[in-house]
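Scrolling down, you'll hit the structures one after another.
You will see two complexes here that share chain A, one where it goes with chain B and one where it goes with chain C.
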Partner chain A sequence: MPRLPKLPAPPLPSALQAPPPRPGEEVTKGGPLEDAKQAGVTVVDWIDERTSLSGVGRWLLFRKVPKGTNWFYTLGSATLFAFLSQAVTGVFLAMYYRPDPAGGAYESIRHVTNDVFLGQFVRGMHKWGSSVMVVLIFLHMGRVFFFGAYKYPRELNWVIGAVLLVLTLVMAFTGYLLPFDQRAYWATIVGVNINGTGPLLGPYLSDFLRGGGEFGATTLSRFYSIHMLIVPGLIVALIGAHLYLVTKLGTTAPPWLKAKERSELLETEV
Partner chain B sequence: MIRASILFDWVADKHDKHKSKYTADRLIPGAFEGETVTRRRFMTGTAHTAGAIAAGAFTLPALGFAIGPIFKSTPHRWETVGEVGRFSANNYTPVVMTLTPGIGEAGKTTVYIRKFNPAIDTDPYDRDTPFIAISSRCAHVGCPVRWVDAAERFICPCHGGVYDLLGRRVGGPPVRPLDRFYTRVVGEDVQVGPRFSVNSELRRFSPRDPGEPLDGIGQYLYPSRPTARKL
Partner chain C sequence: MNQAQKEQYLREYALLKAEGKPFFPYAVAKDAVMACVVMAVIITMSLVLGAELGSKANPTTTTYVPRPEWYFFFLFEVLRVIKPPNLTPLATIGVPTIGLVILFLLPFIDRGPERRPERRPIATLTGIFVIGAMALLTYEGAQAGSPTAIETPTPSRVRAAGGALLREFEAGKQVVAQSGCLACHKLGDNGNDGPGPNLTHIGSKLYAQGIARTLVNPTAPMPSFKNLPPEKFKDVVTFLSQSK
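Presenting the complex of A and B:
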């Protein structure tokens, strides 16, 4: 990694600056208060000396952004935060959920919604948040498309984003079964059978999803595993790749901003 | 445009420069006499192979574990649904039976049963079936159809699939008739067995999922389960 210049430290207000030593006064360094102030800096320095993480942080956060960057550019971050919200609420919902098709799954969701403190709120966040995430993804995708931000050299990031879209829809589909009420059950029956209408491989795909020829004892735990282990892991990895490419390649200016010709190159003024 | 002469040159070159298989002849530093693979190359290959074996040792069993159910055959179940006198030859009687035991309501389905009626069931395939058992699973995407007596139709609530008395499609999006179940009579009891699918001529096929047509090329585009056994 190239050596990056250090950011200038912000100037301290004069009231907070230590007064210069009086003539004849001994300059005392340290003291318990000074040591305490330095403790945090020392810890951060200790880690940074061994990891060079501050360089990564500067590389990631202190980027040049083009003129004309506007609110539409926040849709990607919004999607990221929707995903983080889903991840956090999902992890805590998993503490209460039981993937038991013989009534336990529905009962555990009922317990979360009706009995657990803030259960209805956390489950509501997860349930409505999934729709929010899908909507935000499409808005983000629309921004990238209409601003032409998918063009060279960012095509790979478009492809990764498309895969992330599909994985998010897989999350929405597999999560839909987990409450195990009538709507969840029939929506999954219909969804799995739609998968099965793909020629040649379709029947095998729907057997894989169901874990057999009929909706069976393992279908629910299979969906649960896909929903909370396989796909989230893939999404996290691909979001990492997505952000790496965004940082490496930078963002685009909006299409209505034309690059300004340098005045000394204008023919009229030569 | 590539000149043809370049291509010919390259081909000729390749044959001219005959490489010896011995590393010593190829002037590789530290070569032993009679050695054909350098130690570095051998070591790299060994490390890659060991890594591939280690990764495969957990990936392949896990994958097989996940896709195993596709190739697992389930035993045929026969369920008693009532006595012979319970079913008429002119109308359907709905019966709830268990397809997958052990998961409560989710493993159950409704089956519409009537006695074999020579006036209606003229199809040669139905001749030796004592009772006709029609699955309520719609052949579109698997919603539950309902027998509407007044209309003499099976009607699907989801997307408007309509089937006639024999389960043949008369309207809506379904791609084939309703599935059926094998039936038999044991003593005085009617028993319902495994599922089978039919095409629009009521020809029998091993069970397929909904949405998979069985007419024409359909039976080849949507192969049956490798474990589906014929009765």
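Presenting the complex of A and C:
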């Protein structure tokens, strides 16, 4: 096996360098395992030399979280996992779904539910996952609210979170129509009508949702593209911004915690 | 918060952070446990509750009660609580919009330095009140299923007339019962009191044409029923205009 080229090693102090082989000692050459390990290291080094991603990784992973961080602080990442589960199951559903109001939509969902291997399971995960995500996002918001974590300097992250809440509800609303069964159809008509009673933008919003003045053929494909392209894209981008700010500002400590006295800290930590 | 309080907070926070532990592996471990719980719950729900599919959407019959997903019940319930028609826009969009604006602006409304829940009673009590109200409205919304039968007796006047009138009246009663009207209207002892008006005596308030016009071109949130087949539509109008 040819050796892969290696980056020049940094000069090590002699104490840390491997001792040269003694006379007569067998020089152990790295076996295939050693080669494979080296190849991995080399690839990572190669990428890191060009991107400095390892710094980002360190910044993300080895930042400190304050004393007292408890289980309530897992609700945000739990919401993130629910969202990821929705994304994965949604991609599988999209492989079968046809946004065709003339019967194709209903038929494709029936096909997924009844014929496709594990289809009903994946559809069930997507359907119930939406409830789980809505519950988790409200719990996360509740944690942030009662801990006063929306105050200086995290106001902007609260606003981003509120947009995420609205977008999550938009996902739930648009997804509900897609199976195009009786319940989906009539509940969505009523929902769009409710939108239409809104002040100023209301009528325009419901015209936009319907794709015209009537609940018709374009409505379903419009809901579909909102549900699987526009809003998920926005959510991903905003989650990115949300987590950037979380990392940059750090998560709050529970509000009832006080830091140790300065002097005490100076003695022990410095 | 003024500048001094901000700096005080940042100092305090820096100290607490210095006393903390690295995100990896301590917080990551908790997050991973939580992620497993979330996945387990979703998978269990999918296996136990499945994913049903109702009958195909059909604009000409609404044999299904228009009902949103459960986490929107509270919005629908607001409609039922705020009933007078001239206030409907307030209920449909007004209250949710105001709620949303407050939600967005919260960090700019509540700018005090205090973070402990028990030391900012207004915020904490408001939060508890909002959660309680939403839970109550969701619960009420979940209770308000709508029956699919109408038990009002056929008036003797219609029975005496018999013939086509009686037939259309009975057929219309069936259609109304099965068309989700009861989700929003009350008829006799059946249905929900709101968001739509009580239809028990609608015949003495509106003529047949008026009712037909409402069905074709209703005020939101009521859906339009102009796609009902003509004879069913006629039955509905007869039934309602005879319900005096």
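Here is the rule we go by: the second predicted complex is superposed on the first by the 227 of 270 C-alpha atoms of A that agree within 3 Å, B and C clash if a C-alpha of one lies under 4 Å from a C-alpha of the other, contacts with A are read in each partner's own complex, and residues count from 1 in each chain.
Assume contacts are C-beta pairs under 8 Å (C-beta built on N, C-alpha and C of every residue); 3 or more make two chains touch, one makes a residue touch a chain.
The shown structure was predicted, so the numbers you read here are calculated from the model rather than taken from an experiment.
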TODO: Give one word, clash or fit, describing how chain B and chain C relate on chain A after superposing.
DONE: clash
TODO: In the overlay, answer first, second, both or neither for which of chain B and chain C A:Gly142 touches.
DONE: second
Open item on the list: A:Met228 in the overlay: touching chain B, chain C, both, or neither? Say first, second, both or neither.
Closed with: neither
TODO: Pick one for A:Val190: touches chain B only (first), chain C only (second), both, or neither.
DONE: both
- [ ] State whether A:Tyr204 touches chain B only (first), chain C only (second), both chains, or neither.
- [x] first
Open item on the list: If we overlay the two complexes on their shared chain A, which of chain B and chain C does A:Pro179 touch? Say first, second, both or neither.
Closed with: second
Open item on the list: For A:Val159, using the defined touch cut-off, is the partner it touches chain B, chain C, both, or neither? Pick first, second, both or neither.
Closed with: second
Open item on the list: One more residue to check, A:Thr74. First (chain B), second (chain C), both or neither?
Closed with: second
Open item on the list: For A:Val65, using the defined touch cut-off, is the partner it touches chain B, chain C, both, or neither? Pick first, second, both or neither.
Closed with: second
TODO: Go through the superposed model and pick first if A:Gly213 touches only chain B, second if only chain C, both, or neither.
DONE: first
- [ ] Using the superposition described at the top, determine whether chain B or chain C touches more residues of chain A.
- [x] C
Open item on the list: Per the definitions at the top, what is the overlap between the chain A residues touching chain B and those touching chain C?
Closed with: 101, 103, 180, 185-186, 189-190, 193-194, 196-197, 199, 202, 215
Task: Complex contact set, residues of chain A against chain C - done: 60-69, 71, 73-75, 77-78, 81-82, 85, 101, 103, 106, 109-110, 113, 120-132, 134-136, 142, 145-155, 158-159, 162, 165-166, 169, 172-173, 176, 179-187, 189-191, 193-199, 202, 215, 250, 252-253, 255-260, 262, 265, 269
- [ ] Show which residues of chain C lie in contact with chain A when the two form their complex.
- [x] 1, 6, 9-10, 12-13, 15-24, 26-28, 30-31, 33-35, 37-39, 41-43, 45-47, 49-51, 53-59, 62-72, 75, 79, 88-89, 92-94, 97, 100, 103-104, 106-108, 110-117, 120, 123-124, 127, 131, 180, 220-223
Open item on the list: Help me check something: in the complex, which residues belonging to chain B touch chain A?
Closed with: 66-67, 69-70, 72, 74, 99-100, 102-107, 141-144, 158, 207-212, 221-225
Open item on the list: With touch defined as at the start, can you tell me which chain A residues reach chain B in the complex?
Closed with: 101-103, 180, 185-186, 189-190, 192-194, 196-197, 199-200, 202-204, 206-208, 210-218
